[in-house]
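Contents: one structure, followed by commentary.
Chain naming follows the written order as A, B and C, and within any one chain the residues start at number 1.
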Amino acid sequence: MAESTNMRLRLPLLCIILEVILIILFGALVEYNDDTHAKMWNANKSHSATRDDYENEFYYRYPSFQDVHVMIFVGFGFLMTFLQRYGFSSVGFNFLIAAFSLQWATLMQGFVHGMHHGKIHVGVTSMINADFCTGSVLISFGAVLGKTSPVQLLVMAIFEVTLFAVNEFILLSMLGANDAGGSMTIHTFGAYFGLMVTRVLYRPNLDKSKHRNSSVYHSDLFAMIGTIYLWMFWPSFNSAITNYGDPQHRTALNTYYSLAACTLATFAFSALVNPEGKLDMVHIQNAALAGGVAVGTAGEMMLTPFGSMIVGFLAGTISVLGYKYLTPVLESKLKIQDTCGIHNLHGMPGVLGAVVGAVTSALASPGVYGHGLQRVFADAETGKWNPQSRGGFQAISLAVTLGMALFGGLVTGFILKLPIYGAPPDTHCFEDGLYWEELVPPHLAFTF
Amino acid sequence: MAESTNMRLRLPLLCIILEVILIILFGALVEYNDDTHAKMWNANKSHSATRDDYENEFYYRYPSFQDVHVMIFVGFGFLMTFLQRYGFSSVGFNFLIAAFSLQWATLMQGFVHGMHHGKIHVGVTSMINADFCTGSVLISFGAVLGKTSPVQLLVMAIFEVTLFAVNEFILLSMLGANDAGGSMTIHTFGAYFGLMVTRVLYRPNLDKSKHRNSSVYHSDLFAMIGTIYLWMFWPSFNSAITNYGDPQHRTALNTYYSLAACTLATFAFSALVNPEGKLDMVHIQNAALAGGVAVGTAGEMMLTPFGSMIVGFLAGTISVLGYKYLTPVLESKLKIQDTCGIHNLHGMPGVLGAVVGAVTSALASPGVYGHGLQRVFADAETGKWNPQSRGGFQAISLAVTLGMALFGGLVTGFILKLPIYGAPPDTHCFEDGLYWEELVPPHLAFTF
Amino acid sequence: MAESTNMRLRLPLLCIILEVILIILFGALVEYNDDTHAKMWNANKSHSATRDDYENEFYYRYPSFQDVHVMIFVGFGFLMTFLQRYGFSSVGFNFLIAAFSLQWATLMQGFVHGMHHGKIHVGVTSMINADFCTGSVLISFGAVLGKTSPVQLLVMAIFEVTLFAVNEFILLSMLGANDAGGSMTIHTFGAYFGLMVTRVLYRPNLDKSKHRNSSVYHSDLFAMIGTIYLWMFWPSFNSAITNYGDPQHRTALNTYYSLAACTLATFAFSALVNPEGKLDMVHIQNAALAGGVAVGTAGEMMLTPFGSMIVGFLAGTISVLGYKYLTPVLESKLKIQDTCGIHNLHGMPGVLGAVVGAVTSALASPGVYGHGLQRVFADAETGKWNPQSRGGFQAISLAVTLGMALFGGLVTGFILKLPIYGAPPDTHCFEDGLYWEELVPPHLAFTF
C-alpha cells in the first residue's frame, strides 16, 4: 500500500510541470490591465482631469476580493476539517488546488472571455473571477474529500477549471445571463460536477474507513471557523463583481438578510428532525450557508429584503432536510458518496438560486429599476428589452450548466479512475497519515 | 431531565414563528434606501453631475461593516469557547441569537429612529447599527453563558433588542448624546442588562457543574481567536458610523492606541496579582479588550493619542483587578454569577468610557476643532453650542442607560425564570451534550 | 527554578515603566496629522473645493491596514502555535510585544523620518509603518521562540525597533531605496537580527527540552490558521504603503501570483525531499509564504505576473530546501538554534527579494513605465534618473541592512544574556507552564 500511494515522484513532477507551463503561458499571454499598468493608468490620467486615483478599480473591489480570498482559503479549507483524521489534508490540499486553480483560471477565463490584441489583461476583477472559479473546484473537492490523492485533485482541477470557463462564457457572454454571485456558474456547476465525479469513483467497500468518516469535538470547532467566515463574507462574495454603486451595495444587503433568515431555519429544522430535539453540527456548519448560495443570481436585482429572507429561509430548510433524508438515499440508491454533503449546501440551493434568478429577472421592469435597469441587465439598453425572455434565458442557463457539469464530471471521473494517481485504498480513506509525515503515532492523535 | 430540556418542539416553533413575523414585517415596512435602490441612486445621479458612484455610502462603510461583522460572529463566538465542554453552544448559540437579533434590530431601530413615509430604509449603515445592537445582546449572553437554553436566549434577545433601540433613541435623538462606539448604548447597557438577568436567574446550586466551568488547553486557544479578532477590529467598530473623513480616521487611530496601552496594563497587572507572577489567560483574553470599550464614546473626539493611551491603560488595569477581586465578591455577596466576567470587560470599562466621553465633550471648543466641530457635535451648528451642557447631557445619558439596563434586565430576568424554556438543570450547566447531538461519548471528548 | 523565572515584579515593573514613558513621550511629541485632525482636515476643505472626504487617506489605506494588522496579530501569533506546549506563549507574547512595539515604533519612526515643527504626525500611514516595524520584531521572536522570557522579549523589542527605524531611514531617505513590502527593511533585517540574537543566546543543553520542541496534530492545525492568514493578506502587506492607484493595485496583483507559484513549489519539494514522498507540515506552514517575502521590494515595479511567478517559485524552492538541509547544519555547525526556521522563511527569501528588487530597478525605463515612472521611483522626476545607479543603491541597501541586523543582533544578544530577565532553564524551554497559570496538570494537556 505504501508503495501505491507514494507521492515522491508523482506529486513533485505534476506540480513542477504544471507551474512551468503556467509560467510560460503567463509570460506569453498575460499583461497588466489599464488600472495596474504604470504607463496606461497614468497616460489616461494626463489626458483627462476626471480620472483620478480614487477611480482605480482597486478601491471598489479590493476589499471584496480579500473577503472572497478568505472564503476560498480559510472558509472552504477549515469547513472541511470536521473529519477527525483529515485536517492536514483538508486545509493543505485545499491550499494546493486553490493556488493552482487560480492561476489556471486566470488563463482559461482570459482565453474564452476575450483577449485584448492577443493578450489577457489582469487586475483585481480577474483575481476575483479566478477565485470564483477556484471556489467551484473546492465545492467538488467536498464530494470526494478523503478518497482522493492530491495528484487526482490537481488533475480534476485542470479539467474542471477549463469547463467552468467554457460554461461561464456560454452563460454570461452568449446567453447574456446574470449570475454575479454564481448560483449557477459556481455552485450548481461545482456541485453536480463533483457529484458525478464521486459517482464514477464509487467505492463499494468504503465502510472499511467508516470509523474515520466522522468528527470529534475539536475538529467540529475548527470546522466552525470555516463556516462562520463563509457566512460573514458571503455578502462580499455575491457583490464582488456587480456594477459599482447601488448594485454592489444592494447585493451585499440582500445576501445579509438571506443568510440571517437561513440560519433561523437551519436551527429550527435541525432540532425538529432529531428525535431528542438535539442540534446537529453538520447542519449548522453547512445548511446555514445555503442562504448565500440561493441569492447568488438574484442578489443584485431588486429582490427586496423581504424576498431575500423568504429565499434564505427556504434554502436553509431544504438543505437540512437534504442532509437528513436525501444524502443517505443518494449513497444507498444512486451510489453517490458525498463526503461533505455538497448536494445539500451547493446543489439544491444553487438550483433554487437559479430559479429565483429567472423569476426575478422575468419580473424586472423600468418602473421598479428606473435608470438603474441597465446597470443590472446589460441588454436593457438595447431597446429589445424583454423581461420574460430574460427569465427564459436564465432558465436555459441553468439547464446548460447542469448538462455541462454532469457531462464534465462524468468524463473527468473516468480519467480520475485510472490507477496511476496514488489514490488511497478503501481501508485508508479519510486518513492524513497516507500523505503527511506523522509527528505523533496515529493512535495518540485526535482519538483520545 | 432529558424531557425537560428537550428542544424538539420549543426551539423549532419559536424560530419559525419569529422568522415568519420578521418576514411579514420586513415585507410591510422595509425598503431600500437611496444608496441601495436601483431607481433612487441612479435618479439622483442624472440630476446632478457631482454624485458619482464613489460617493455611495457602501465605499465608506462596508469595509468597517465587515470588520464589525467578524467581531460579532467570530469575536464574540470564539471568545466564549473557553469553557471545556461548551464550545458548540458558545459558537452556535452566538450564531443563532446574532442572526435573529440583527433582523429584529433592523426593525426596532427603524421604528424608533424615524421612518420615511411609513417605511424603514436600509443600507450599510442600518446593517452596522443592527450588528451593534446584536453586540449588546451577546454581551449579556456572556453573563448567562452555560446556564440557559437557546429558547431562553432568543426570548432575552427579543426584549433586549427592543429596549436597546429605545435607550439608543433617548440618548442619540432626545439627549443629543455622542456615542459612536457605544460605550453607553452597547457596552454599559449590555453589561448591566445581562448582570441583572443573571442575578434574577441566580442558581444556588451551580457548584454541581463547577468542574465544567473552566477551560482546558485547547479551549483557551480557541478563545484567543475571539480575543485577537475583537482586539484587531475594534478600531473599525468605534469608527464604523462616525462622520466621513477626519472623524472616522481619528476614531480608528485613538482606538488603536488605547488598545495597545491597555494590553501592556493587562499583562502587567495579570502577573502582579498572581502570587507566582504567572499570567492568567482569563485576563489576557478579556481585559486586553477593555481599552476598546473605554474609548467608545470619546474616540471620535479630539482625545489625542496621549489621552487614548491613558484611558486604555486605566481600562486594562481596572478590568484585571475586577476579574481578580470583584467577580468573586459579586458572586458571593450579590449573587451575580457572571460566567464571562462581562462586568470587568464591558461594565466598568463602559462606565469609564461614558465618563471620559462626558469630560472630553465638556472640554471641546472651536479653537481645537475648528470647522470640524459640528462634524463631531451635531448641535454645534445651532449657535446654542455649550460644551459644559454637552458634557452634562453625556452624564445624564449614562444614568439613563444604567436605569434602562437594570430595569430591563430585571423584567426580562423574571420572564426568563418561567419553567417553560428547557433551561439546563444545575447538574448539567456548561454542557454541550444537553442541546447538541454527540459524536463521541462525553468522557472521551475534551476531558483527556 | 520557580524563583529564577518568577515574573511577579520583573514583568509588571517593565510593562508599567515602558507604558508610562510611552504615554509621556506621546503627550509631548505626537499630534494628529492633517487627515485625522478635526481642524486641519476641515480647514483645508473650506479653502478648496477639490478636497473631499473621499480623498482622506483613510479610504485608500485603512482596509490594507486592517489586513496587515491581522497578519501581525493572528498571522504571526498563530503561526507559532505549532509547538505542542507553547501555544499560550506564542499567541500571548506575540500579542504583548506587538502591542508594545507598535507604540515604540511610532515614536522611533517619527523621530528619524522627520518631525513637523518638533511634532510627530500620526494617521493610518504611521499605523501601517508601526505594524511593519513590529513585524520585524516578531520575525526575530521566531528564532528565539520557547527560549526567552517575556521580559527578554520586551528588551529585545526596545533595541530592535530603534535599529529598525535607523536602518529604514538610511535605506529609504538617504539611499532613496524602494522597499514598499520590506524584503530588506522588514524580512532581511528581522531575520538576521534574530539569528544573531539566538546565536549569542546559544544553549548547548537545549536537548533537555527536545521532547517539547515539536508539534502535535491540533497544534499544527492552529498554526495553519496563522499560515493561511499571512498568505491571503500578503498582497495587502506589500501594497499597503505604495502610491495610490496603479502602484497599489499592481503590487497586490504581483504578490498574489508570486504566492500562488510559491505554493506549488512548496508542495513539490516537500514531497520530493521526503523518502516516502510525504508532505511535511513545517514546509507547508512556512515555505509557502516565501513568495510574499521575495516580491517585497520589486512588487510595486513592473515585474509582470510572469516575473512574479518565477520569483515565487524560486522562493518556495529555496525555502523548503533550507528547512530540510540548511537548518540542521546551522544548528550543528554555526550553533544557531532557529526555532521557527526564520532563515528559510524570511532570511533567504528576503535576500532574494532584495536582489530581485535591485535587478528590476536597474531594468526600469520610461518606455515601460511612462508617466508612472516617478510614482514608483521618487527621484525619476529629478532628471538625474539612472536606473543602473538605482539598482546599485538597492544592492548597497541590502548590504547596509545585513550589517545593521548582524551588528544590532550581536549587541542585543549580549544584553539579553544578562541573568536578570528570568529566562527559562534548559530543562523547561518550549513550556507554557513557566509563565502561565495552569488550568490542567501538564501531563493531561496536549499530550494525549
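Note that in this section contacts are C-beta pairs under 8 Å (C-beta built on N, C-alpha and C of every residue); 3 or more make two chains touch, one makes a residue touch a chain.
By chain, with names taken from UniProt: A, B, C = Ammonium transporter Rh type B.
What you see is a predicted model; the values in this text were computed from it and never measured.
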Inset, instruction - Taking all residue numbers used at the chain A/chain B interface, answer same if over half belong to both copies and different if under half do. - result: different
Legend entry - Cα superposition angle of chain B on its copy chain C, in degrees to the nearest 5: 120
Inset, instruction - Express in whole angstrom the distance between the two chain centres, defined as the mean CA positions of chain A and chain B. - result: 33
Legend entry - Junction residues of chain A, two or more chains touched: 54, 59, 63, 218, 225, 448
Inset, instruction - Provide the residue numbers of chain A that touch chain C in the complex, in ascending order. - result: 2, 6-12, 15-16, 18-19, 22-23, 26-27, 30-32, 35-43, 45-46, 53-54, 56-59, 62-63, 66, 69-70, 73-74, 77-78, 81, 87-88, 91-92, 95-96, 99-100, 102-103, 122-124, 127, 150, 218, 222, 225, 435-440, 444-446, 448
Legend entry - Residues of chain B touching chain C in the complex: 54-55, 59-60, 63, 67, 214-218, 220-221, 224-225, 228-229, 231-233, 235-236, 244-250, 252-253, 256-257, 259-261, 263-265, 267-269, 271-272, 274-281, 284, 288, 302, 304-306, 309-310, 313, 368-373, 375-376, 448
